[in-house]
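In what follows, structures are represented as C-alpha cells.
Shared between the two complexes below is chain A, which has chain B as its partner in the first and chain C in the second.
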Partner chain A sequence: MTPPPGGARRMFKIDQNLFDIGRMDTLATGGTPLHRLDPRAKLITTLAFIVAVVSFDKYTLSALIPFFVFPLVMIAGGGLPFAYLLRKVLVVAPFALFVGAFNPLLDREILFRLGGLGISGGWVSYLSILIRFGLTVTAALTLIALTGFNTVCLGLEKLAVPRPFVIQLLFLYRYIFVLTDEAARLVRARSLRVFEASGLGFKPFVSMVGHLLLRTLDRAQRVHLAMRCRGFEGQMPVLRPTHFGLPEVRHIALWVPLFVLMRVYNLPIKLGLWITGFFA
Partner chain B sequence: MSHHTIEAKDLHFVYPDGTVGLDGVSFHIGHGESVALVGANGAGKSTLLMHLNGCLAATQGAMRIGDYPVTAKNLKAVRRTVGMVFQDPDDQLFMPTVFDDVAFGPLNLGLPEAEVELKVMQALETVGATHLRKRPPYKLSGGEKRSVAIAAVLSMSPDILVMDEPSANLDPRSRRRLIQLLKTFEHTKIIATHDLDLAMELCRRTIVLHRGRVTADGPTDEIFQNETLLADSGLEKPLSMQSCPRCGQSCR
Partner chain C sequence: MHMADALISPAVGGTMWAATAGLIAYSSRKVKQELDDRKVPLMGVLGAFIFAAQMINFTIPGTGSSGHLGGGMILAILLGPHAAFLTMASILTVQALFFADGGLLALGCNIFNLGFFPCFVAYPLIFKRLVEGRDGQGRIFAGSLAAAIVGLQLGAFGVVLETLFSGVSELPFGTFVLMMQPIHLAIGIVEGLVTAAVVGFVWKARPELVTAAASPAAGRGSLRTVLVALGIVAVLTGGALSWFASANPDGLEWAMFKTSGSEALARPEKGVHASLEKIQEKTAFMPDYGLKTEGGDAQAETEAHSPWPAVSPGTSLAGLVGGILTLLLAGLIGFGLKRRANHTK
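For the complex of A and B:
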C-alpha cells in the first residue's frame, strides 16, 4: 500500500486542530465556581496577569516563577485537562522559539557564571521570553476554556471594547469552521487527483486561495442578506443576563493585588534570603 | 386579510454581468395558499425569491406583498411579513448559539426581553429543537440546522414563509419530518424546490419557471402529469408518479 499523499495527511491535522477549538467550548460548559464567574471578572484578572508578566525587565527569570500559581490554580479549580492545554501551548510554541532564537547570538555579554560556565545575557533573555510565553498563553487558553470564546467576547463588549471589533471576533469564530471546511475540501479534491505526481507544483494552491476568497465574499454577501432579512441595521443584539456580584469582586480582589505583590517583590529571592538567613 | 398575499407584475431582472434572471414574471398568490416554485437549475427560482423581500430590486415591473409594494421605504414592513429560509443554513445561522440566533430577529424588531424569550422558546418548540438552544450552530447536524433556521424565521411571526430548497441535503427521515412540520403551518407559503414529491405533498399549486419566465401556473397534480411541459422546462415527473422500476406498473 502506498502512503497517503502529504497533502491529505497535513489536512487531516488541520481538521483535527479545529475540532479541538470546539473542545475548548465543551470545556467551557463545566459547572465549577470558576466557570460560573462573570466573564468580565476573568477577563480583568487575566489581563492584569498578562500585563504584570510582560512588564518585567528582559533578564528576569526567578521573579516570573511564582506567576505560575495563577494558571495552575485556574486549571485545577476549573477541572481542566492539564495535558490537553499543554499540548495546545506547544502547538503555538514554535512562534516563541523563533522570536527569541537570535537573542543568544546578539547579546553575548556574560551575565553570571554557573559553576565554570558563563551564561550570556542572550540566553537569559531567551529563556525569559519562553517562560513569559508559557505563562501568557496558558493564561489566555485557560480563560477561554473556562469561559467559552463567545462569552469572552460578550465580556469584552461589556467592558466597553468597541462593538465592531467584538462583532468581527464573533464572526471570525463562527465562520472559521465553515471556511476551513471549504479549504479542506479543496485540498482534498486536489490530493485525490495528484497521486504520486507533483500535481502542477505550487500553481493549484494559488488558484485555491483565489477560489476561497471568492467563495468567502459570496458567503459574506449571503450572510449579510440573511441578517438584513431579519431586521439587522448595524446593531448586534444579544440577550444574556450578566451579573457582577460578590464572587466576581472577590476573584479580582484576590488575584490582582497578588500580581502586584509578585511584580514588585521578587518572592523566590526573598524566600531564599529568608531561608539562608534562618540557617546562618 | 389582504396582507398575506403576494403579487408580481411583469418582473424583469438583469444581473450586473448581463445575465437575465427574470424575463417578465407575473402571478398572484392568495392568503394561505401553498405554492411550489419549480424549475431546472438556473431557471430563476432563487432570483425570484430574492425579490420577495427586497434582497434584489426588479429592473422593471413591481412586486407587492399585501398592502406594500416592495420598495426601499417599505423594506422593514415587508421583511417582517416575509420570513425567508435560506438554502444553506450556514448562511442563516450566524450567531454564537441557537438561542441567540432565533432571538436575533425579534430583538431587532425591538420586542421586550421577556417576549423575545417566549417567542424563541415557542419557535424552537414548534420545530422540536428546544434541547439545542445552547448549542453552537456549527455543531448541529444538517437536519437540526434546517429546523433551527426555520425556527429563526418563525420567531418573527411572519405571515408569509419563503423557502429555498428546504429538503436539500436532508436524509430521508429528516426530510419526512420537515414535510410533516411544514404541513402544520398555516402561513402563505412559497417553496422553491427540485424535490417534486415534496411539492406534491405540500402544495396544491405549482408555478413552473424556465429561463426566467413562467411556463405554467396551476394545480400541482395536473402540471406534474404533463410530461411535455415538464420536459420543455427541463424537469422530470416526480418519482411517485413514475412507473415502478421493478414491476413496471404505474401506481396512478
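For the complex of A and C:
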C-alpha cells in the first residue's frame, strides 16, 4: 500500500470540514428544552459566562474549576456528544497553546510548593490559560450546537445588530456549502488527473482560484436576479418561531447570578478548607 | 493569527468589541446608503468564496509548507472598504462559532485586526493611491501586493498590542514584536503575491470588476470619517470601562504597569542564571517548605517572598482538593442530566 497522495489527503480535509459544519447544524435540530430556548437567552448567558471566565487574575486556577458546570450542563442537557465536542476543542488549540507556552519560560518566580516541587508562576498562568481556553471554546461550541447558525443570527438581529450585517451572515452561511463543494470539485478533478504529483504549483493555483472567483461572481449575479424575481425584502425565514418568555428569564436568572457568585467567591477553596479542616 | 479568548482581558476584549461594533454599524449604514442591492448577494457569495478558496493550497517551493488566499485585501478590491469590512466580519464570526477559531470575546479583536487594517487603512492609503486612475497589470499587481503586506503587518502588530494590554501572556513586548512581525512579513508576501495574481487574473478576464473598485468615486474620504468615529468610540469606551479597570487591579492598568516596568524585559537575558539560582534555592530550603511542616518562620518567609500574597501551602492544598471535588461534582451533575435526558427521550 502506498500512502495517499497529497491531493487525496487534502480532499479528505475539505470533506471533513464540510461534514463538521453540517454536523453542528444537525445537533442544533434537537428538541430538548435547551434547544427550544430563545436564542437571545443563550447568547446573553454565554457572553456573561465568557466575560466572567476571562476576568480572573492570571494566576487563577481553582476558582475557574466550578465554571465547568455550565458547558457540562449544556452538553448533558442538550444531549450533545461529549467526545465529539472535546475533539473539536483539542483540534483548534494552537494559538493559545503556542503563545501561552512562553509563560513558564519567562515567569520563573516560584508561587507555591507542592511537597518539594516548586511551581513557578509561569506554569500556573499557563495552566490557567489552558483552562480558560477549554471553558470559552466549549461555551461557544455548545451555543452553536444548541441553537444553529440561522437562529443565532435571528437572535443577533433582535439584539439590535444592524440588519445588513445579519443578512450578510445568513448569506455567507448559505453559500459556504455551495462554494466549498465547488472548490472540492476543482481540487478533486485536478488530483484525479495528476496521479502522484502532490503539490500544486503557483500558476495553476492562481488559475484555479481565479476561475472559482469568476464563477462566484456569476453566481452572485444569478442569485441577485433570483432574489429580485421573488421579491426579497431582507428577511430570512426561520423554522422555529422565537418567543422570550418565562423559560428564557429563568435560564438567565439561573446562570448569570451563578457566574457572579462563582466569580466573587472561590468555592473550591472554601470546600477544600472545609474538608481538610476535618483532618487537621 | 487569530487572538484567543484565553489570552485577553475583558477590558481589552470589551474595548475592541465596542470599536468593532461601531465599525459594523457604520459600514452597515454606508452599505445601505449605497442602495446597490446587487451587493447584498455579492457580499455573501464572496465571503463564502474566501472560505472555499482557503481550501485550495499551493506548495511554496523549497519550504514544504503551503499557502492560500487571505481574505481582507481581495474583498476590499472587489467590494470597496465598507462592504468588504462587513464580509470579513461575517467570515470571522462564522469561524469563531463553528471552528472556535479565536473565540467570542476575542472576536472584536480579530475583526479589527483582520478587517479594519486591510479595508480602512491599507486599501485606501496604498492600493487606491497606487492604482487610482492609471490602471494596468503592473500597477494592480504592485498595489495589491504592497497593500496585502502592509495590512497583515498592521494586523500582526494589533495582536501584539492586544496581548500586551491584556497581560495574560508573559511575553515581553520586544520579543513578541520580533517574533510576530517577521513571520507575518513572510506570510504577507505569500498572501500578497496570491492576492495580486488572482486580482490580475480577474482583471484580464473581467476588467470592469477591478477598475470599478479602484475608481476615484468609490470609498472616497471614508478614512477620515472612520478615524473620527473610532476616536469617539475610544473615548466613550475608555470612560465606560475605566470603572471596571480600576475596580479590578488585574485589568488594563495592571497590565500597563507591568509592561512598562523594566524588570520584565531584563529577565529573559539571565534566564539560565535565574533558573539555576532557583534550583539552588529550592534544594537548600526543601525541608523547610515541605507541606507537613507548618512552622511559623517558614510560613512567614514564604509569604514575604511571594509575589502573590494570598498563596500559602495550606490554601494551595485546599485549592487542589476543592478543585478536584468541584470538577467531580460538575461532572456528576452533567452525568445525571444526561441520564435524565436519555430517559425522557
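Definition applied: the second predicted complex is superposed on the first by the 252 of 280 C-alpha atoms of A that agree within 3 Å, B and C clash if a C-alpha of one lies under 4 Å from a C-alpha of the other, contacts with A are read in each partner's own complex, and residues count from 1 in each chain.
Just so we're on the same page, a contact is a pair of C-beta atoms (placed from the backbone, for glycine too) under 8 Å apart; a residue touches a chain by one contact, two chains touch by 3 or more.
Please read all numbers here as calculations on a predicted model, not as lab measurements.
Engineer: Look at the residues of chain A and decide whether chain B or chain C touches more of them.
Structural biologist: C
Engineer: Touching A:150 in the superposition: chain B (first), chain C (second), both, neither?
Structural biologist: A:150: touches chain B, not chain C.
Engineer: Touching A:133 in the superposition: chain B (first), chain C (second), both, neither?
Structural biologist: Touch status of A:133: second partner only.
Engineer: Figure out whether A:247 sits in contact with chain B (first) or chain C (second), or with both, or with neither.
Structural biologist: Neither: A:247 stays clear of chain B and chain C.
Engineer: Quick one: classify A:122 as touching chain B (first), chain C (second), both or neither.
Structural biologist: A:122: touches chain C, not chain B.
Engineer: Quick check for you: in the superposed arrangement, does A:223 touch first (chain B), second (chain C), both or neither?
Structural biologist: Both partners, chain B and chain C.
Engineer: In the superposed arrangement, does A:231 touch chain B (first), chain C (second), both or neither?
Structural biologist: Touch partner of A:231: chain B, not chain C.
Engineer: Can you give me the overlap between the chain B contact set and the chain C contact set on chain A?
Structural biologist: Residues 170-171, 173-175, 178, 219, 223, 227-228, which sit in both footprints.
Engineer: Residues of chain A touching chain B in their complex?
Structural biologist: For this pair, the touching residues of chain A are 22, 25, 29, 150, 153, 170-171, 173-175, 177-178, 219, 222-223, 225-233, 235, 237-240.
Engineer: Within the complex, which stretch of chain A touches chain C?
Structural biologist: Interface residues on the chain A side: 10, 13-14, 17, 20-21, 24, 32, 46-47, 50-51, 53-59, 61-62, 65-66, 68-69, 72-73, 75-79, 88-89, 92, 95-96, 99-100, 102-103, 105-116, 118, 120-122, 125, 129-130, 132-133, 136-137, 139-141, 143-144, 149, 152, 161-165, 167-176, 178-180, 182-184, 186-187, 198-202, 204-210, 212-214, 216-217, 219-221, 223-224, 227-228, 234, 266-273, 275-276.
Engineer: Tell me, which parts of chain C touch chain A in their complex?
Structural biologist: Of all residues in chain C, those touching chain A are 1-10, 13-14, 24-25, 27-29, 31-32, 37-38, 40-49, 51-53, 55-59, 66, 69, 86-87, 89-91, 93-94, 96-101, 103-105, 163, 167-172, 175, 193-194, 197-198, 201-202, 205-206, 209, 248, 250, 264, 267-268, 271, 274-275, 278, 281-282, 286, 289-291, 302, 306-308, 311-323, 325-327, 329-331, 333-338, 341-342, 345.
Engineer: Could you pull out which chain B residues touch chain A in their complex?
Structural biologist: Answer in residue numbers: 50, 53, 55, 76, 79-80, 84, 86, 88, 90-92, 94-97, 99-100, 103-105, 107-109, 113, 116-117, 134, 136-139, 152-153, 156.
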